[in-house]
């Protein structure tokens, strides 16, 4: 293994801090995906602007349109001499790992997965914590005691959202049913709409989606129902960032809340550490409520009543205090539910 | 004398070839005017010029004395010129009526097609000229002869005064030909004028008033049919004397090569068409199958060649049972087949002549070894055959599509004969060929016979059957109803037998 | 005429590429970019150094194979829109063997490639069979098979190959196509031995189609089924065979990704597009083996180079898609180009 | 049962509508003899234009916006399809090649312009169509709630257009000529029909309908435009054309069948018997069902005879 003999990975140490530069490589979607690519880019931009840099001059990004673009994109950034290169998304894991091995002099970061090596840092999030909290909110809000979860692709990452959400909801009311469906696609809005249509028809009144573009269909369906009957309580819970805008329909807004994942915070933090010569090499940083990297949106003031917010706060405290452990796999969820 | 149509000094070139070189044709009102020439002489081209499908490079067209420019078929239609094409211009899934009105549809007051009105008009037209066409039938369900009448109706419906027929009789049975000639005569009586392209000199003598001859794109002249003979027409057209009588010695039949016993075959619509047929063909003889189209000839051939399955009876080739064997097995047992539809079955038009020459033998030595093709051997063979059979083609690498019909046919014959099969089935081998080419084909068949091969000739041309065969069997309603010596029968007797009268005549090997 | 025969097959694509680039340049100008900078970036992105060259070759590899797959089916009159699905199952199968078996390289690697080929072939067999026996249109069946491949292979990755993970473990090195020396030669690009396989496959396709009785039969059936039957060929067998071989090529394309580029297979949320791009490659290469190789290389270079355009020249990557589409158009419209050349020649004289 | 229908039918309707519209376009084009695998691209253009128009003019036209947007999308789709027409009718291009190019070009242009105009890869969301009750019809007992309550008007637009297309193809002179051109262009030509003109019209019609289909899809389902707005719907529409044997009502039936199969795979997961079937089987069910239907019921479908063959005057 190459990483073994590359403990001299801090070649950057001597560098003048003003030379420090940061780049990111998106996964499929681009920096404007209204999701974590965008969030990461905002974090890097914020970091850069703070240090008087500009895009292409101190920080930059490369967009990937297909998995095969990752390696050339990362390599390009290496070649252009960036000091720290982020791969945004678990899909880049292997490629970041490989390039990190090949380029011991460059810092690498991966978001949403784990890589190894002294010149790397892994940034993951406790999505289950946030999902738990929006589950709490949903349980407080539901009138039918039926909730829905729409996942993109059935995978460990999305399962974290699912497990947390169900745990949260059932913690409030164990009788709540959660209908779970995976679209097996992150970009199939029509499937999202069909699933939402089916769920809302069967009595679900709140759907939490962790399905990217497929979620568009969920919002679309909810807004349609709202438009037909503004009195009807129909909600969507957004994901990754505050999806309040997506929920706006005339006077109303169907976005109850969103599980916000502050990739920007994490990315900016790590960039700062690295620039300051404190790169957390080889570490796996897990960002959660504690780091302010996971939060629950309260933009929809009308919907998120005082009562709900208080309840959410209460659970948040318990999590921060370490009173409860939030499950992030289906097995852990089973155990958690049994313990209720 | 008034001319309805005058084509003066027409010249039409195609890349690399002058199809029409300074040709003049003048059509009198009320006459049937024949256009005669070898395959590829330029007849169709000339008529396509008249019909507005091609623009001539030079020359003038006059209609009723007035010079006109016919730049598309619409103009020809407006000028009262209608054309019955060599390859029918009919839309198969459409009905007769839809085909006829296409392009000049009567409308209802709602703007939809007024089919009822059209059907009535067409029925009337059909009755008037004795065409007996069903306006509501689908094209794909009616016979070739009927389809041709639809083409005629198409022109009449558009009010054509001048009708062009491009080889109308090539695809017809003798009965249909007789009827067509009657139809043409009744058209002329109604004041129409007709240009008729045909390779059959007898038809010209029978039906036409005058005849213009074209040779290799050049006009040779126009003759009055009453003042000429078949032989004169033939030599004008080919540029040499043509031998109509197939010269052959009496047959010396030997052992039986083909034996068909009590065969039953259904057609594509699952109807019995071959119903207990018996037939024998011996080495060294040509057996002609006479019959009206649709009496089971096609299915008989398909069953023998393995293209379709029989459900009862046996077929023996050289004593070997080949019943319901695959075409490959049948071919390998020693059968050659000149198919009736050369474009559909005979050739892969996009393959070169060379590739077509080895269509059944490509997998054998020397054309391939261990599945690897030997192009040298293939093209050497092809060039050999091209020379031997006088196939007119720029090279063996030319796609078959680019050859004229006659030359395509020669290529097929070359291929089939060259494999030296014990039994050669020749279905309509001279359809659409000019007299020179026909002479050649007949000669080849006789040569093969003399080499001791068995030959089964299926043709709708009684002349051909009578001239070439040694023995003639008549097929009627899926059975052989007569077995005659070719020298001792005649057209009249065959005609009667083919029509189903005299089924009890002796000679049926039952 | 001579000029037509000898040079047209080359001249038309070259002119088309130039025209495509020209129009692409105009679009850049109109949108306020510097076309020279744009194309410079494109060039550098594709051939700037050993790394990009390596990546360009790597990207070309599966495209050659899917192009061959589609071209092969086309030559026998069939339209295989299903290369996409065949790639996926081929990828899956090769990785499966790559992970699941222990064997020395000389056995393992060929076995893994073969597995990919067979899986693709199987995926081609279904539409082939249905077409041959029931006359079902291959276009619909192959489209449907694409989706089935996508979902089934995702499920297999999730439930069979892994315990609910997003990607499989890496294949054993004995099944890997990648070579240390190739990678270090190209500054750690992912170029792998697959390119040799792809070129070898092209040679096979050429040989099969042009030089063997198998190809002779397949083409014949493609041109005229009736005459082929008349001549004793087994039409059904040939239709099935054609789809199977076509699927086999596409399956190997998948194996290239599985054994070469990635060394694993991941859950796919959409199609790889290798199959769809293969259609364009095949047609651009006028369904000839050599043409396909060249077209795939052109495609690979343009797509690889495109990545550099946003960074160096600010031009959106999609411009390259537009350029590729234009090139395809110009090739498709070769008739008019040929006409223009002829006129040009005439005036020149 | 009625409950099930009531939940399934509206789903089928909204899912199928864009497919029906696009497939009708395919029917026109292919019936005239021009293969159109560019339907996907035409939908992309439709979706792009529909969304961009809505974004730009939502404030101007209010609730009428989506209606105007789909009309504009149809027009632009029609104009865009002229490229395919020129290539395949005038330049005698290989129609499959040209269709492939249309698909790439449309996506390229759509995303390129999105980046140019909005400086990002995807647009904001718009308010598109909403479901409504169809007046009068929704009051019919039993049938009304199933078919006419809470449906998209565009679904019925699609169905009505399918009948209109049938009427045009089978009852009017234009339809007769169009079908003749697709079967036997030379026959049509000798009857004085302008083959190229008919084919141009047919291809442009496919552009109009494809644009309509794409914009309806975007405005009823997705609400924004990005690279992945149209992912395969055009190909499914193409399958519907063939599945429906090139007949407008057949294509509609096929599109509805796809909708039904999709809907079943989703609703199925809450039906007791089906519930236990592994998810993957439900996922692939629509596609397997289609293949089975083709193999078992539909069988051979013969394309219009001249489909895909450029018509070159004077050649055979």
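Going in written order, the chains are labelled A, B, C and D, and every chain counts its residues from 1.
Methods note: a contact is a pair of C-beta atoms (placed from the backbone, for glycine too) under 8 Å apart; a residue touches a chain by one contact, two chains touch by 3 or more.
The chain lineup, named per UniProt: B = ABC transporter ATP-binding protein; C, D = ABC transporter permease.
The model shown is predicted, which means the values in this text are computed figures rather than measured ones.
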Taking each chain's C-alpha mean as its centre, the one farthest from subunit D (ABC transporter permease): B
Between subunit C (ABC transporter permease) and subunit A, distance of the C-alpha-averaged centres to the nearest whole Å: 35
Centre-of-Cα separation between subunit C (ABC transporter permease) and subunit B, whole angstrom: 47
Centroid spacing, where centroids are CA-atom means, of subunit B and subunit D (ABC transporter permease) in whole angstrom: 46
Subunit C (ABC transporter permease), residues touching no fewer than two other chains: 151, 154, 270
Residues of subunit D (ABC transporter permease) touching at least two other chains: 228, 231, 279, 283
Residues of subunit A engaged with two or more neighbouring chains: 63, 65, 154, 184-185, 187
Chain-to-chain touches, reported pairwise for every pair that qualifies: A-C, A-D, B-C, B-D, C-D
Residues of subunit B defined as touching subunit C (ABC transporter permease) within the complex: 305, 307, 326-329, 331-332, 337, 339, 344-351, 355, 359-360, 362-363, 368, 371-373
Partner subunit B, residues of subunit D (ABC transporter permease) touching it in the complex: 171-173, 176-177, 179-180, 183-184, 186-193, 305, 313-314, 316
List of subunit C (ABC transporter permease) residues in touch with subunit D (ABC transporter permease) within their complex: 31, 79, 81, 126, 130, 134-137, 139-141, 143-145, 147-148, 151-152, 154-155, 270-271, 276, 279-280, 283-284, 316, 318-322, 324-326, 328-329, 331-336
Subunit D (ABC transporter permease)-facing residues of subunit A, complex: 29-34, 63, 65, 154, 179, 181-182, 184-185, 187-191, 193-195, 197-198, 201-202, 213, 216-217, 219-220, 223-224, 227-228, 245-246, 249-250
Touching residues on subunit D (ABC transporter permease), where the partner in the complex is subunit A: 7, 10-11, 14-15, 119-122, 124-125, 127-128, 130-132, 150, 217, 220-224, 226-229, 231, 233, 262-263, 266-267, 269-270, 279, 283
